[in-house]
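Listed below are the structures to be examined.
Shared chain: chain A. Partners: chain B in the first complex, chain C in the second.
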Partner chain A sequence: MPRLPRADWYDLTRDMNWDFSYVTEEDVFPELLSNGYGVPKQDWWTWDEPYKITYAEYVHNQAGKDAGLFTVNNVVGRSKIFENLEPGWMAATLAHYGAIAVGEYQAGIGEARMARFGRAASWRNMATYGCLDETRHGQLQTYFPYQALNKEPRLDWAHKAYHTNEWGMIAARHLFDDMFTANDAVSMAIQLTFTFETGFTNLQFLGMAADAMKVGDIDFGALISSIQTDEARHAQQGEPTLKILVAAGKKDVAQNLFDRMFWRAWKVFALLTGLSMDYYTPLEHRTHSFKEFMEEFINTQFIDQFRDFGLEAPWYWDQLLNEMNWVHHAYHLGVYYWRPTVWWNPVAGAAPAERAWLEEKYPGWNASFGKYWDVMGENVRDGHPELTLPETFPVVCNACQIPLCTPAGYAAGYLSSPLPLLLDLDGRRYTFCSEPCKWVFEQDPGQFKGHLSIIDRFLGGVIQPPTIPGALAYMGLSPEECGQDGTNYAWAYASAPVAGGVGQ
Partner chain B sequence: MDTHVKMVGPVVRGLDPNLAEAVITAIETDNPDADVLVDDQGGYIRIGTPNVCRMTRASLEDALGRTFKLHQLEPQLAGFAGRMKLTDDEVVWFLERQD
Partner chain C sequence: MALFPVQGIVEGDFVVVLVPVDDTDLMTVVAEKIAYHGIGKRVAAQDRPFKVRWNGTVLADDSTIATTGCAPMDVLEVVYA
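Moving on to the complex of A and B:
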């Protein structure tokens, strides 16, 4: 049989668009599931993915990816690599699996929605691969931790976390529901595949892969970088969707969708990747700081790509650059202090050598955030570690669902006021950590206003008894599962390096 | 916005050194006028040239010493800077906007 070059038959086999005669366009693509933003049907049919792959090629590649990955996994499983991982790295991987694994299955629901309600056959074809990809990611990231359950029982949070009301998972679910589970196919292509996957997933899945290889966690590094090869392909559903919206004069729609999700993604990655890179990864294995990764992958690589379509950096760009200096340091303080509320053992990452590194990467860190660690270190050395633990709860933002850190930002000199932002709407008051978070909420109040933050639930009587133990039980954390200091306070007793820069 | 040089090109996983080396060689061959940036971070290797980065199947096959279809890059292609256009014979990463 003669073989045609792929380019000669690819479009023909892919493009199954047709006019409807028995049903209306609205019946097939209800706005709630596929908001066409008024772009004509024939325009959508020009949707053309820049990176083409046939189903046969897809299956061949995916089989090869898993064969390679499981070769590594089988070897590592017979080694002592896991037992020798340092406590900070364990914290980073436990946080990763809980925050991400089941969310991947949810992303599969999002891809399935685009596979049905995407407005062109070519798009639905790409989304079908995307749905298979996300299923793969859910399976791999629940299976890999499952293998080590006998060594670290809390790895079951890879599966459990998403089904709990643990506060970080409420934040993750709130984000993922907004981005895909409760989103329409067209908006999702801009917000999930473009903003989130083309942009932010690189931080966690490539940045942490670089750190993993230096730490020696080859299994984790191979896993997450293999996942990112799927993302790099199916993330391209964003580009053709963006081009069609821009060509149809809907640049404002695309910019608004982007701006809303870019900020939301920033907040969650500052919490997850920010802590992992700047505090949990052992100092000698760190490649870049979180801020440097942001500058490489987001502020340069990603924004260059976004602006190439004629769009601009978000209106809150200055606030982003401001928060990049401090917000994840504040998050880390909070997570460490409220460590019983997380399923991993946070390490302080505040021994003298680590503090010198932080001061180098974030000038002024010692004089601002370092002071809190001075006090906690003293309390530990004075025999009062209980003073480094919480007796009450913080205020939580009604958009990002992460505790407000405005007082820390103010004290560090980055904000002009320590006060939260407020919004009174339909008889209740909402609280926000930042102007962009308030703006996100105001863009679509109907999407958000019925949601109760963990603190709304606490104050509203949903959590009983309204105490720290009652709240921990509500979050699904038994005493054995609650986070503890990952190094048993070794950091508080570590001496300064001989040539260190802390200078006491 | 600043006026930095916009670097474009692939980000490959660090798990297949032979392929990564071949990609670097092919990009050097196909972009003779450009200084090729190679930033090896262990877990990933960023390869790039300013504004446009071409890599042909022919050059990659020469560098590898075997036949290779460009879609087979995917298992090692963890990301890329710029936009990407892939055909049977070449892959191009590029950015068009001047400012």
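Moving on to the complex of A and C:
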């Protein structure tokens, strides 16, 4: 039987919209799960994805991708490639797997919500593929590390991390719950697929894929490149949703949804990708700094695309540009100093040659951040590495859940005050790292005010005993799993501090 | 005497830390307790005395948490005099 060209049947099979007669529109699309923002249903029915695919094509494509990927995995598994990875890269991959793998399953829940509560049949069709995509990503990113467990037992954090109360995972869950698990389908299309996936996952997945290939980790590079091909497709659910909102006069709604999630995504990417690019990737394999990646992929390409829809850069744009100079350097210091609280071995990335690179990419780095490494390096050389380990905890932000590093921004000359921002609400004190984080919280206090940060739990008696070992146990970190210096302090002995540094 | 958590910042440091002090501690003791977590560890020591600053005001050495009216989780800065 002759087959019809796809264009002759595609619209008919995916556009199964109809008027409800036995139930109300509100019953089918409750606002909590699908906030239509008052846009008429016929407008939603114009939803048109820029990238078309049928189920048969989808299965064919995905099967081909998996065949290639598992071939690479099978070959690499029999080699010594993994054993020869440099410590910094190992740190980056362990961090990635723990932070991302199970979150992909969670994203599958989000896609499933859009597959049911998306306001148009064509959208629900695309979201179904998105749900399958995210399930695939969860499976791949737990299976690949599982295959290498005999080489690095902490790769089990690819599965374990999400089920713990490790502080970074509390931050990740807080973000992802806000973005999809506790979000409605329409808002999610703007915040997950447009803001996060179109804007940011390119940075994590394309950037890290390129770095992975350079360091020789072809397994990881092939994995995340394959994942990104799915992301690039299902991320396109955002654009038609955005167009409909703007065309219906809901530009302010779209702008607000975008602004809230763009800032939140920035904070987590500064923590995850910022450290990987500027500190964990071996120096000889770095092509761009994190700031350069941000400027090229996010600030230029993505924001230009955003402006094409008639929207504006977020109100906090200057603060974002400001933080790009310093915040991830502070986060790296924090992760290194509090390394027992993470499941990977952070490398300092502060040997003389690395410091010279940082100074070149971030002029003034030695004076503003090198000074901390000078003190820590001196303590190591004096035989007191214990002075580079924590005896208390950093206070974390009640929005992003990341330690408050405002003093670093002040000390480096980028902030006018080292003080965090405080908010007293309903008898409880909340602390924030920045105006945008406080603003995010205040946009929807009901969404956030009941959440307990790791510090709130510590002070509230949830963590027992209230000691460092008690907190590590609460985070699911046994002594064998706690992070240690990734190079056994080799950085501190590499040579004397570089010329131009402070504290020499 | 009661345990009293504050947010501590050491001048020149990069992070805000959780510091348990006692509400009867003199500010000199509070300063030492906060400084302990930063000076000599991430911040180079200076041969100068330091003070506690709260809401922009330097607190008297002989004042205590209780007498100043600080609230739990207020931000206290340790600054060089």
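Criterion: the second predicted complex is superposed on the first by the 493 of 504 C-alpha atoms of A that agree within 3 Å, B and C clash if a C-alpha of one lies under 4 Å from a C-alpha of the other, contacts with A are read in each partner's own complex, and residues count from 1 in each chain.
Just so it is clear, a contact is a pair of C-beta atoms (placed from the backbone, for glycine too) under 8 Å apart; a residue touches a chain by one contact, two chains touch by 3 or more.
Quantities reported herein were computed from a predicted structural model and do not represent experimental measurements.
Peer 1: Touch test for A:342: chain B only (first), chain C only (second), both, or neither?
Peer 2: So A:342 meets neither chain B nor chain C here.
Peer 1: Going by the contact rule set out at the top, does A:408 touch chain B (first), chain C (second), both, or neither?
Peer 2: So A:408 only meets chain C here.
Peer 1: Return first, second, both or neither, reflecting whether A:236 touches chain B, chain C, both chains, or no partner chain.
Peer 2: The answer is first: A:236 touches chain B but not chain C.
Peer 1: Is A:333 touching the first partner chain B, the second partner chain C, both, or neither of them?
Peer 2: It touches chain C, and chain B stays clear.
Peer 1: With both complexes overlaid on chain A, does A:418 touch chain B (first), chain C (second), both or neither?
Peer 2: Second partner only, chain C.
Peer 1: Let me test your reading of the model: by the given contact rule, A:213 touches which partner, first (chain B), second (chain C), both or neither?
Peer 2: So A:213 only meets chain B here.
Peer 1: Touch test for A:298: chain B only (first), chain C only (second), both, or neither?
Peer 2: Neither chain B nor chain C is touched by A:298.
Peer 1: Tell me, which parts of chain C touch chain A in their complex?
Peer 2: 5, 7, 9-10, 12-20, 36-37, 40-44, 71-75, 77
Peer 1: Which residues of chain B touch chain A in their complex?
Peer 2: 1, 4, 6, 11, 13-15, 41-44, 69, 71-72, 74-88, 95-97
Peer 1: Using the touch rule from the top, collect the residues of chain A that touch chain C in their complex.
Peer 2: 330, 333-334, 337, 369, 371-372, 374-376, 379, 387-388, 390-395, 403-408, 411, 418-420, 422, 429, 431, 455, 458-459, 503
Peer 1: Provide the residue numbers of chain A that touch chain B in the complex, in ascending order.
Peer 2: For this pair, the touching residues of chain A are 5-7, 50-53, 57, 61, 64-65, 68, 72, 202, 205-206, 208-214, 221-222, 225-226, 228-229, 231-233, 236, 239, 287, 300-301, 304-305, 307-308, 310, 313.
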